[in-house]
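Take a look at the structures below.
What follows is chain A paired twice: with chain B in the first complex and chain C in the second.
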Partner chain A sequence: MNIGQLVIDGLVAGAMYAIMASGLSLVWGTVGILNFAHGEFYMIGGYALYFTLVELNANPLLAVIAAVLVTFGIGAFVEMGVLRWLLNRREWELPTLVATLGLSVFLQNLALRSFGATDKSVPYLFHSVYHVGRVTIASQRVAIVAVAVIAFALLWGAMRFTRFGIGLRATAQDRDAATLMGIDVKKIYLLAFAISAALAALAATMLSPIFSINPWMGARPLLKAIVVVVLGGMGSIEGAIIGGFGLGIIESIGVALVSSEWEDVIAFGLLILTLWLKPSGLFGTREA
Partner chain B sequence: MKLRPVLGATIGGAIVLAFLPLACHNQYLMHVAVIAFIFAALTASWNLVGGYGGMFTFGHQAFFGLGAYTAALLAINLGWSPYAGIFAGGMFATIAGIIIGVPVLRLRGAPYISIATLAFAEVVRIIADNLTKLTHGETGLVGIPTLPSFALPGIGQVTFSLADSRPYYYVSLMALVAVLVIVGLLLSTRVGLALGAIRDSPEAAESLGVALTTYKVLIFLTSSFIAGCIGGLYAFVVSVLTPSTVLSVEIMVQIIAMALIGGLGTFFGPVLGALILTVGLELLRAFSDWQLVIYGALLVVVVIALPGGLISLPKRITEIAGRIVSAPKSRPAADSVAISNRFEQEKP
Partner chain C sequence: MDPRQALLEVDRIDAGYGDVQALWGVSLDLREREIVALLGSNGAGKTTILRAISGLIPTWGGTIRFEGQALDRLAPSEIVARGVVHVPEGRHVFPKMTVLENLRAGAYTAAAWRRQRESLAEVFDLFPRLRERAGQYAGTLSGGEQQMLAIARGLMSGPRVLLIDEPSLGLAPVIVDAVYATFGRIRELGCALVIVEQNLQRALAVADRAYVVTHGRVTMAGTSQQVAADPEIRQAYLGM
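This part shows the complex of A and B:
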């Protein structure tokens, strides 16, 4: 067994789990919503990339930026159109869960009706392949990790130093107190949701050349992201990053030991085990 | 919850529905009705946990599917009677319920319960998918016998076959009635009161000596048992099983849509939702490709605009009409309206 190759493959998958999970965690930690439609933002990002890159023949960098921006806009639209109406209720936890579930079903099947069930593929954005000892890495995969690292650095910096980030963390701690301190909670929620959608789209633009684009493409990344968020602790970006890479490597090695049909069982087993033994996750502070 | 009016309405409704096959000879519509009854019973069983228990579980399809596979495999491989198989399906689902329910129901946050049960159900589906020797995976488990025929005094021989849906119609209608009676009986006892208290305030209920976890586990297992039995019945109705038809998340989405659109946490809401969604969408055949698009959109719209579901529609209309009529006069403060609504909801 080539451990080096497995770890590298795990890191690449983990980078994307981590990006998906940090977006999911951003909304879960601040607004308190488990967004079942997060995978559909990933799907929208994938289709947006396909249409700009393949149908419009745009420059790859422009296509990626366009896909991320389009999904950012759709995320903001969803927050204003759906979630905003539910968050002021006394009982909002269940309705928001159901609303995002409904959205997920709606968007997935709308995509199926509009774009069909056939897989669409986009070309690799980068083409060269590196060999380091026994390890083979396509530059597309190097780019995935690089993009993930840049995205995390930006996200971490934004959370730490910008007015938005500070307001976001304050809102996550105590929504009422944050409102009293003059933070526009509505704006914070809107931005958090839109950024979360944009992160999902970013993950999709990097992964679409490797996997194909179809209406269901978001389901598995969502499930993996949920596992990572539970593993790392809700609302913790660091937890999402470490949990993401951790899950990627565990899966990559686990699949080499058993077989690929059981890949999801490894992830779900980890999830159930975490909820059972340490419900607050590895880095979280809140009780489940 | 008062038992008598609920049981009266259940049995009255069932008697009306029992006359339907006499008027309708369309086999296809009969089959649609069978599926509608089965989903109504399944949704009613989930409503016990998701509506009355306030635990938004997302893995009910696992119990349904386990019951279906257990009943079918026992009938095929060991030659068990379907009725014994259906009961065994329920028991097996209950055992699965103990395995997942006991650790999960201690969790408080709604999303955690959802995802833990979802993960469990997905593991069950993947296992069923990969144990091809036993389940034949996506190729489908075939050779499931029909329900045994029997003689009824006054009617004669009742034979179950795929050609005639009427016997299945009555069996599934009776199953639905049985489920509603069990749920009604359960809710009319101390359990119903305790559940109401837990739903309103878990902390207060616990401080007054309501054994939170015991009640939660009790209704979770009852609900799992019912779902398992209904799954067993379903196996004999459709006669082919694949993991993607009985164990997929789609089943759960349908259950949630039916419960929410009908009225979550009400006795007849989920039944109404199941009947309306199954029959209504079947009548709109032209839109059948759009079925799930409509489910999704309806879920969002209902959650935003009609949180009580369709069953609350008459009350909502009178409320709004009353508000329009009495608009010039001073209205009670918004808070007291909310409180009085809450108290009204508590009554059956």
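This part shows the complex of A and C:
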């Protein structure tokens, strides 16, 4: 067994899990909603990339930026248009959860009606292949990890040093105290939701060349992100990042030991095991 | 501004939670650089008064004015930006943020964020202990240090009025001394204080005036000496 190759493959899958999960965790930790429509932001990012890159023939870098920005805007719109009204109610936890489920089905079917059921594909953004010893890496996959690392560095810095980042963390830790500091919690929710959507779109732009684009493309990334968020600890972004890479590597090695049909058994077995042994996850404070 | 005019004026407000009324026609005022104590037993409505002033709960009737302008109906963030800050009971520091990050969160309003360097120097001067602990997570501080951090965090936006809820709660007497010792200096910085306390002797020793709140109504108002000398108060709260 080529362990080096498996770890590298695991890191690539893990980078995507980590990006998806950090967005999901950001919204859970700040707003308190488990967003079942998170996968659809991934799907929107995929289609946005397809239209800018393939239909408009835009420069790949511009296409990625456009896809991320468009999804950021749609995320903000969804927060303002759907969730904000429900969050104002005294009983908001179940209605918002169900609303995100409904939103997920709505967006999938909207995409189906608008763009059809046929898979769309986008070309690789990077073409070369590297060989390091016995390990083979396509540069597209190197880019996935590099983009993830850059995104996490930016997110980490923003959370620690910017005004909104500090306001966001304060809101996540103690909403009432944050309100008393003059932090506009509604704005923070809006921002958290939009950033979360943008992160999902970023994952999609990196992965669309490998997987294809269709209305249901977000379902699997969402499920994996849920596993990662539970594994890393609900609401912890560090946990989502470490859990994401961890799950990627465990799956990669596990699949090599048995067979690829076992990938989800391994992932969700890990989910159940985490809930049994350490319900708060690796870095979490709240119980899942 | 007329120096005799109140800086903060609470005028016959009613407020409550859900359908339950908690305040009935509460009036009080606070002048520039004044320290006023709000006294009363647990559940009397002292905290509710602070929550109404800081906009955490809506008022049902009456008005709250700050520097002559209505404060009720404003969002909490706008009230902080105007210069009225509420330090909540139980400290409520952000446990997984460092002391420095907690203080920066206190300077969240746009104007305060721009002058956070000066504000930081000011609060570190007031609470040197916090400077030593700047990089430490707030959740690992002692109760007294957390109380100091909560007050310092409230000062980071440069308020004109600081509302402090139960600053002595759960603290050893010597720590309470240290916390109360800062109130005079905060006043010298140009900030008036409303202190909610169950510990009457502490509050009366530092306050210029006091209001006694009973069952959601102000039942007595006067200088600290008048309130301390009142036979009923001595009987009910001081056990004399």
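By definition in this document, the second predicted complex is superposed on the first by the 287 of 288 C-alpha atoms of A that agree within 3 Å, B and C clash if a C-alpha of one lies under 4 Å from a C-alpha of the other, contacts with A are read in each partner's own complex, and residues count from 1 in each chain.
The definition used in the following text is that contacts are C-beta pairs under 8 Å (C-beta built on N, C-alpha and C of every residue); 3 or more make two chains touch, one makes a residue touch a chain.
The shown structure was predicted, so the numbers you read here are calculated from the model rather than taken from an experiment.
In the superposition on chain A, A:166 makes contact with chain C only, not with chain B.
Of the two partner chains, chain B is the only one that A:86 touches; chain C does not reach it. Of the two partner chains placed by the overlay, neither chain B nor chain C lies in contact with A:60. For chain A, the partner that touches more of its residues is B, with chain B and chain C as the two candidates. The touching residues of chain A, counted against chain B in their complex, run 28, 34, 82, 85-86, 89-90, 93-95, 97-99, 101-110, 113, 223, 226-227, 230, 261-262, 264-265, 268-269, 271-272, 275-276, 279, 287-288.
The touching residues of chain C, when paired with chain A in their complex, are 54, 56, 75-77, 79-81, 85-88, 92-97, 101-102, 104-106, 108-109, 112-113, 153-154, 157.
Those residues of chain A that touch chain C in the shared complex are 160, 163, 166-167, 169-170, 173-174, 176-184, 285. Chain B meets chain A in the complex at residues 54, 56, 100, 103-104, 107-112, 114-116, 119-120, 122-123, 126-127, 129-130, 253, 256-257, 260, 289-290, 292-293, 295-300, 303-304, 307, 338.
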